[in-house]
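You will see subunit A twice below: alongside subunit B first, and alongside subunit C after that.
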Partner chain A sequence: MKVERLLWLGASVLVFAGFIYLWQLICDYRWVSPVFLPGPDRAWQALMRGMTQGDLLVRWIATIERMIYGWLLASLAGICLGAVIGSSERARAYIGPTLELMRPLPASAVVPLAIALLGLSETMVLAVIAFGGLWPMLLATVHGFSAVEPRLYEVSRALGLSRTAVIFKIALPSSMPDILAGMRLSLTVALILAVIGEMLASRDGLGSHIMLAARAFRSPDLFAGVILLGVTGLMSAMLLGWFESWMLRWRESR
Partner chain B sequence: MLQIDKVNLTLGGHEILRDVSANIGSGEFVCVVGPSGCGKTTMLRLLAGLYQPSAGSVTYRGQRMLHPRQDIAIVFQDYGKALLPWRTAHGNVALAFEAMGAPREGRDDKIEQLLVKVGLGGQGKKYPNQLSGGMQQRLQIARCLAQSPAVLLMDEPFGALDAMTRQGLQDEVLSIVRDTGATAFFVTHDLEEAIYLGDRVIGMLPHPGRVAITVDVNLPYPRNQLTTREDPEFLRLRRQLFDFIKDAES
Partner chain C sequence: MNPLMRIDPRGVILPVGLIVLAETAARLTNLQSDALAPPSDILLSGIKALTDGSMLYATWQTLANAFSGLAIGFTLGMGLGILMGLFHPLNRLLEVTVEVLRPIPSVALLPVALLVYGFGHRMEFSIVAFATLWPALILTRSAIAGIEPRLLEVSRALQLSLSARIFKIVIPAALPRIFVALRLAVGISLIVAVTVEVTTNPMGLGYKMMEASQGLQPGLALAYLVWVGMLGWAVNGIMVLAQKHLFGAAANVEARL
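And then the complex of A and B:
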């Protein structure tokens, strides 16, 4: 088991190294003009320079903060709303169709509305992130709450658990796998929307960094930004993955 | 102590129980047998306060059963669904104490004692999916005992277990019920199990569900898996109930 995992890890590192090498080859032989595609070496230099001398680090942190705040907002709202809707059959019947109507709306479609209401402000960006991240959270939580084993509600009645205890000790933990899956999706959405929001509202962050670099044909800077985005996505997914397997440790243990 | 008086129950337009009456005395062990679908579970749910009769009354110590009570514990047949998979064995028993608002201090010791009592000593840290079926059912029983119930309602609690585990648990339940002086209502479709455990066996018939026969069991305590089952009285009762079920099916 351990050996197998190590092999997989080794293989993925190899694939990654191969990809970088290919990238370098393409640039060395100038198959693509360096104006558009800098080699990994130049992208790396730009990244290091931006981190140590420029304000790339500050921008990166700004983007991560936006992503996390928006995501937490979306998660909190999604869990609360989802709990209310999911635990009542009537609420599901009444609100369900509206949700289905709103869900496929791309979050970017509400950007003009958000700008009209909130201006090109930090609040606007957060609102867009939270709105986009809300849907996966909401749907996952509704599903989790409506799928609680009915027998457990009977057990709670027989034991005489209070209403709040039933929510926090039965329904919420029982929905946790769904909620965590929703949080994972929502985190990806939050990163994407943080970048889009920064580009549109020109708030200082990776999104604006990338856009400015593109306009000025500074492709190494652009790639440095993209690399950081990738790293952010990867790291947040990994952290959440650990959190998830810790929260759901009762599942795999056997 | 528990009384069902001329109860009718209609669910979703179907008449499920008709004119069911039964009187369960304090400390009595009553078993219910009958073919599948005759309303055994329904009767237990009425006694638990999970259903309300359409006509007639269910009373507990003279009061109407309007909702489930903490001193009436229910052991469900599907133990896998009745346990909280995200809580350890210890945590599952703790749930009963949390519901009662029992003081925190000394709780851990009490829980361990209960686990020992059902033969799960030292297994407190395991999650339900790490326990065998028999152990999970034991755990559910431990949680019910944590309620210090005056009445134990059990719905085919050993239905899904193998014969050996089953006999072991029968003896454990018998001794627990005798130790605590609890009143027991036990649903099963195993005639021998009913006679072995019960002071009285109620036989039910379907379409609509009704009480068709009541048999007193006068077998000496403590009961023993070998001698009790060979007792002529045991065999006579088994024959009587067997004939009853056979007539019902023909």
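And then the complex of A and C:
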């Protein structure tokens, strides 16, 4: 079984390599103007040059830092607020509808407001990331808290647990799957908003890097940036996936 | 239980209270700001923009861009999802490609689309299409995987052709879950369209909002913000209603990416 799985994975990697080769062929035969589409060779060269000589690495790290800070801020605020709202029936009745009203608002739509309030600053970018990442976290936590098996609450009442004990010993662990799903969604949103914030506020990072490269028609640099952003998205999703299965290892063992 | 019809009076207190608080605070401090405006001002600016047609025109532009991008992206994603769901070898062969391309943030392609198409409709379509293709693909694929296997056996026993199998068995059986994917994708398309307009493309609601904000008309900018929120809420509400109406109890499936 395991061998078969590995063979399929190998074949799948080969198919992906085939697509890259096709991309190379398209560029070699100039089916698409090289102004728009550089071949993988030129994109790779630009990537390597930027990493070793230019400041691509510094920009990449700056983007990742922004994404992680904003995401941590959003996660922390989301879980705390969500725990308060989710653990009380009354709070849910009062605050829930407002949250539902705010939910479909695109996070990028608050960017103009954030710029007017905070200027084109680092704080603005972080605030937008945190605001955008907050909603998936908040809603997931509220949902997780309200979906806790009611008998667990009855047990905690019978045991005379305090409210903090209930939150930390019962509600948080049992809403962990929801919270982790929210964190994954929120991380995706954080990366997108970090890039948008950098583009708009011209903060040094991958977002401004690819925007400047596009304006100057330096397509290899542009694609190098896009590749790095793809890698960032892929790696963060994978890391969080591992973290999730590690945190939820109790679930499989049942 | 219809969440749109059932209104709990307790839920109204907070938003109304906040609006009243903002209004009185603005009046008492005699607010002079480039970023904030009292709710009454937001309302007046909103009504003015609605009546002179500029807001409706911008809405039309945004919706047209979002939905045409959605049409392209969702059709492609659904088609690929059906094929990948039906043919396991194809699914496994494309696994790495899908997993590598999917996490590319859609906004990363913004400069690429700008370079290729310049400003205008086409750059916005292409980004919305890219952003909606993946949820459509993934959710359609899992919808196909969730089809009762005996239905597929029947189709094999009846020796249906591939197109008959897809259109008579697979799509009807997977439709409730595909519709959930569509509902999700509609929301994504609107968000992405507004995002593209806020960042680069000079058209639609996003650009209007940016313009008003930079033109130091905070009332108008906030009116657009509220309008975008209402639009997103209304579109989602329509999709929820349509889902209940079209599929009834079969609609009670959750989408998770």
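One rule holds for everything that comes next: the second predicted complex is superposed on the first by the 245 of 254 C-alpha atoms of A that agree within 3 Å, B and C clash if a C-alpha of one lies under 4 Å from a C-alpha of the other, contacts with A are read in each partner's own complex, and residues count from 1 in each chain.
Please note the rule applied: a contact is a pair of C-beta atoms (placed from the backbone, for glycine too) under 8 Å apart; a residue touches a chain by one contact, two chains touch by 3 or more.
Predicted, not measured: the structure shown is a model, and the values here were computed from it.
A.B. asks: Should A:Pro106 be classified as contacting the first partner (subunit B), the second (subunit C), both, or neither?
C.D. replies: In the superposed model, A:Pro106 contacts subunit C only, not subunit B.
A.B. asks: Tell me the contact category for A:Ala158 with respect to subunit B and subunit C: first, second, both or neither.
C.D. replies: first
A.B. asks: On the A-aligned overlay, A:Ser219 touches which partner chain: subunit B = first, subunit C = second, or both, or neither?
C.D. replies: second
A.B. asks: Could you tell me if A:Ile170 is touching subunit B, subunit C, both of them or neither one (first, second, both, neither)?
C.D. replies: A:Ile170: touches subunit B, not subunit C.
A.B. asks: In the superposed arrangement, which partner chain does A:Leu180 touch: subunit B (first), subunit C (second), both, or neither?
C.D. replies: neither
A.B. asks: Of the partners subunit B and subunit C, which touch A:Ile85 in the superposed model: first, second, both, neither?
C.D. replies: neither
A.B. asks: Touching A:Ala93, do we find subunit B (first), subunit C (second), both, or neither?
C.D. replies: After superposition on chain A, A:Ala93 lies in contact with subunit C alone.
A.B. asks: With both structures fitted on chain A, tell me whether subunit B or subunit C touches more of subunit A's residues.
C.D. replies: Touching more residues of subunit A than the other partner does is C.
A.B. asks: Name the contact category of A:Leu126: first (subunit B only), second (subunit C only), both, or neither.
C.D. replies: neither
A.B. asks: Considering only the touch criterion stated at the top, classify A:Leu117 as touching first (subunit B), second (subunit C), both, or neither.
C.D. replies: second
A.B. asks: Residues on subunit A in contact with subunit B in one complex and with subunit C in the other?
C.D. replies: No residue of subunit A touches both subunit B and subunit C.
A.B. asks: Would you tell me which residues of subunit C are touching subunit A in their complex?
C.D. replies: Against subunit A, subunit C makes touches at 3, 7-8, 10-15, 34-36, 92-97, 99-101, 103-112, 114-116, 187, 190-191, 194-195, 198-200, 206, 209-210, 212-214, 218, 221-222, 225, 228-229, 232-233, 235-236, 256-257.
A.B. asks: State the interface residues of subunit A toward subunit C in the complex, per the touch definition above.
C.D. replies: Within the complex, subunit A contacts subunit C at residues 8-9, 11-13, 15-16, 19, 35-36, 93-98, 100-102, 104-113, 115-117, 181, 185, 188, 191-192, 195-196, 199-200, 206-207, 210-211, 213-215, 217, 219, 222-223, 225-226, 229-230, 233-234, 236-237.
A.B. asks: Which part of subunit A faces subunit B closely enough to touch in the complex?
C.D. replies: So the residues of subunit A touching subunit B come out as 149, 151-152, 154-162, 165, 169-170, 173-174, 176, 248, 250-251, 253-254.
A.B. asks: For the complex, give me every residue of subunit B touching subunit A.
C.D. replies: So the residues of subunit B in touch with subunit A come to 48, 50, 67-70, 72-74, 76, 78, 81-82, 84-88, 95-96, 98-100, 127, 129-130, 143, 147.
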